């Protein structure tokens, strides 16, 4: 039922107030299926808050959120994830003491009905391995399957993080600053990864690394002070004087 | 055992009851053995003891081990009624003898009575009844109960109420307080606003101490026309409270060190060893151990059945009890005393705490045969 | 994983089968009950990272319910045990429902407080008989055939039941469900974002642990033929914590070893001149300060040290001992 | 006039009496909250420290022959000093571990202290009487209040307020709060965090000691006087939420009053009412009444 | 080895280094993260440390500050050996630390965060001056510290140490996660600090930013400084930067 015209994720009048302070105010957001949509804006614009609202980590003060036609405005956090709207976390979000393979298996367990299975041995999980390995190959972690996740270098953890998220077969991914704190090398690596992942999915991404934003996104929304400042393609955004003043500054290098 | 006569004590050596029993009870048993001469039937007498840590499982496993491996002939005291009841059953199973001195549960001579067990010093029925009767006779006829809210307290109060009623007194009110509540002011205010002239504490241990201390604080029982009655108070608790606080209170006990020449003689010897005066249970351990040893000697065997028969047959006369005897249900029948706690001015020195106000005859104090729930008495009658 | 446990487990079973030749069956039964109790507790602490300081509530409930069923309703022993397990599990579900909302120290405090509440309820409930406890239990015939009045038969029955219970714990810990528990312990927000409802998993584990603790209590009441308030006190809850700490957190056999040591120690201290509470307090301090891996944990790392050691920058072994929960 | 069949005087009286119990809850939970705030340690030994305070009062009287006022000063100092030893010798080396180890360690310390005191002083405890100035009662018409209890409420209120001001309204307070979050960083600013941590424990211990002295004339001074109290105080703390000191104080007094009223309306529940309130609070606001996270 | 009394640098009399680190090693538990770091920072100089994730940049700063429990080697601040000192005493020698991820305290308001560090030497900025410099902070002074946005928090972290008066500033990735406009602001602030004569040790991933402000640059890998060069030489080192940083 998602035609390319109606938005896959749609927010109307999204508002979040913290004791009189509007972190997000009357924001309309339409994200079309299959696109990479970037959310940028100066610090404190409310980007993370938008993410938290969309993934139901925070309740919105006002507004409505529809995902693939379904109203998720009041849905429980874990149920939103089950619908296929999955958020990828910052770096620490792996299960550090588990192996890389186990990290993926945990993600695969529930969709395969093995979450609450307490009467069988763990070898029941072996049938997930094929899929798990495929996912690991996808993010070039094939050689690390048996390493402890906590021991991986930064960029690899990021990759594992994304692979785990992909295991849920999400229909839509939300990435909050996937390149934050990364060396140039890793940025290139992750950009490539996101590009690959986005081929078959919808992605909403917050990122300060404009180079990556330019390379990846089909559409960009610029937030400032909780409100939408501009929306368009990278070139349209760049040309916008307001955006230059509020966000890009003089050195808008691409 | 073949080589020695052994008596054992399962005591709480370090916990809540370590003052009222503990090391002091072990010492009393050792004194009895020493005074008896150290041997009986040509065999040495030994005292063994263990810290049962207020746990039934520890008490029972040690009791089994003592009976089976160490050939202990009699257990002459055990802390905690639940442990004591369990040990008494093991005594039945192993054909040995058990004497209860510290616990006051009436079960020992009622539902759980058996031919192997003697309940020697007191039970809550006797305390409640003696206090109830004697105080009403002395004029305190309107009672208010401060009762700890569980079986022990409920039973205790009911027994005392019966006794009060039997002498023509009445219960004008009561209030339940939780175990270990530490604060009694609510209850005391209610007691104060009633028209009772006796405020009775159906509590035990630290609860009683706290209640009495706070009653003094509220000016109850000191200088007004009300009397406090502690249904179960050991002299150790009076010592810990101090006379300033405890003065004027009425309580029932089977023993006080300063009753006569004999009690003083024993108690001063005991004092030398322990640094404090014996309480009724500790004196009871001495007396019951002595009585047991005499019975062994008289029976010429340590076989429990024959010894028990002798114990029930021989009257008991020592510093602890005059003309006492052991009833068929295992109850040692003796007189009880009502005491009043002296004021600091009346007291002439350390441990001079009590003044005797009344004596309650054994038959008046303990559960009458007609009311007994013990099968041993039923068969007889 | 499984391999490394087969030998010690078999050895232990063999030892337990010949132990009655040396020790009192009733004493051994007590150790077994404590071991099961500790294993139930450790299921939560070791695998979910939740330290319950109120587990005596379930142990005591098991004991009271089993005693009630045997003494007053004359149920068959196996039914009485099932009843004990069911009631403990129900209580576990209720307490767990309240407690799993918080983590770490809060969880510990909440379970402690709720456990104390359960104690007060039992104290005041007439059927528990106050200080005298529930008495007059005759265990009868297990499954209609095994005469439990014979100490050896009783011992082997208890051994069989506890062994089965341990196998069950092992199964749960090593199941896909156990895997998710581990994942939740590692990183709860991440688990949520993967669509798991941690509250449900923790509650399931809590209920399960309560049921097993209840079984341990029921077995104890059945064997000792008495149920008392002692089994519901917070001191009992503290003791099971100590057993696990002494045995070693995070090792499957740790709780068993710990229970045997503490149970044995109590028995030994009873006949020595040393004051038991002081010794137990000192044991606590010693374990926390110097001996966090516990006996089983230390033994395990000694064995592993003989094998070539894997050196990673942050050794998971040391991490595990610095961290009970995340 | 009656309220649910009880005369209003009785109820007012109980509220007042409840406030007195609340005074102890407030002092103790404040101390717990301070220690928890900075050390992230749930101080299980708090009940034992309270008991030590009461015994210290007895010792100053029985051994040193000093009066109540001297005890009021000496005992908290002595307990604070003991706290310092505990902090330096034990707690300090486990801060980097899981916070549960702090709970376990202090649990062990509590067992040890209480065991030792029972060994030295016996289980029945020691006598301690109300200081002469506070002998007697005030008859307020609707309730009788022993003078000493009036003093306790006053002393507790003043102490709580003073400590609260000290921590919330001074630089020391922001040091404490910041060090709670990130001790390393605070020390990078030139603040001696280990001194700060030690002082927090000492302060908490001294507060427990002070409650102990205040309690000595009311409650029997026994080695176990703190044992059961501490669990109730834990429930108070959970209900209040560990976030704020004012939460600890207010909940302390509040729970005292609730408990007092239960003793009149439904005495059978008075031992569990605090736990029931805690359970309800967990259902409605898992972070507690004043808790921050939610 | 006896220490030479005569300074060994060339003929020109050089000012004493504010900070001189020799053969610094540091361990987290068993893992050895710094393997002999040697560097010095001169009065008024800005020294950038570049390196990949996990190279040990942050650990170097932390080790100098004394918040890594186990360290060895020599760290001299104004000529005084501090390897055995506690971190609060080290800070009082005039070090100002702006940590990685900003280190703003959630339980304090923005203003309380600002007022937290005790003044360690005179000459720090007055609070009015700070608010003039960072107007955003004035606006949000009563919000809880961590409720400020990333950029605001970074400003706060820098402002906070300026108040305390330390003249040697450690900046750990001050531009991480900041919008381009804000990065520009931070660059301005750093430039301003330079003109006021502060010495700075800057840890960065953002090469452009570092090169814009640094007088000298060190490259770090696996817990060592592998090369050091001045701003003038930067071009000739482009190749090796490429190699070491993957630029």
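Order of writing sets the labels: A, B, C, D and E. Residues in every chain begin at 1.
Criterion: contacts are C-beta pairs under 8 Å (C-beta built on N, C-alpha and C of every residue); 3 or more make two chains touch, one makes a residue touch a chain.
In this text the structure is predicted, and so the values were computed from the model without any measurement.
Note on connectivity: the fewest chain-to-chain touch steps from chain A to chain B number 2. Chains making contact with chain A as well as with chain D: C, E.
Distance from chain A peaks, on a Cα-centroid basis, for B.
Rounded to whole angstrom units, the spacing between the C-alpha centres of chain B and chain D is 36. In this assembly, the C-alpha centroid of chain B lies 76 Å from the C-alpha centroid of chain E. Rounded to whole angstrom units, the spacing between the C-alpha centres of chain D and chain E is 44.
Once the centre of each chain is set as its mean CA position, chain C and chain E turn out to be 52 Å apart. Multi-chain contact residues, meaning those touching two or more other chains, do not occur anywhere in chain A.
The set of chain B residues touching two or more other chains comprises 14-15, 149, 178-179.
Chain contacts: chain D has residues 115, 118-119, 268, 271 touching two or more partner chains. Listing the residues of chain E that touch chain D in their complex gives 62, 65, 67, 86-89, 91-92, 95, 97, 99, 103, 105-108, 112-113, 115-118, 120, 161, 164. For chain C in complex with chain B, the residues that touch the partner chain are 24, 26-27, 30, 120, 123-124, 126, 128-133, 135, 220, 224-226, 228-230, 266-267, 269-271, 275-278.
Residues of chain D that touch chain C in their complex: 36, 40, 42, 90, 93-94, 96-105, 107-116, 118-119, 231-232, 234-235, 237-238, 242, 268, 271-272, 275-276, 278-279, 282-283, 286. Against chain D, the residues of chain B that register as touching in their complex are 14-20, 149, 175-183, 185-187, 189-190, 192-193, 206, 209-210, 213-214, 217-219, 234, 236-237, 239-242, 244-245. Note for the complex: chain D touches chain E at residues 171, 174-175, 177-178, 180-182, 184-194.
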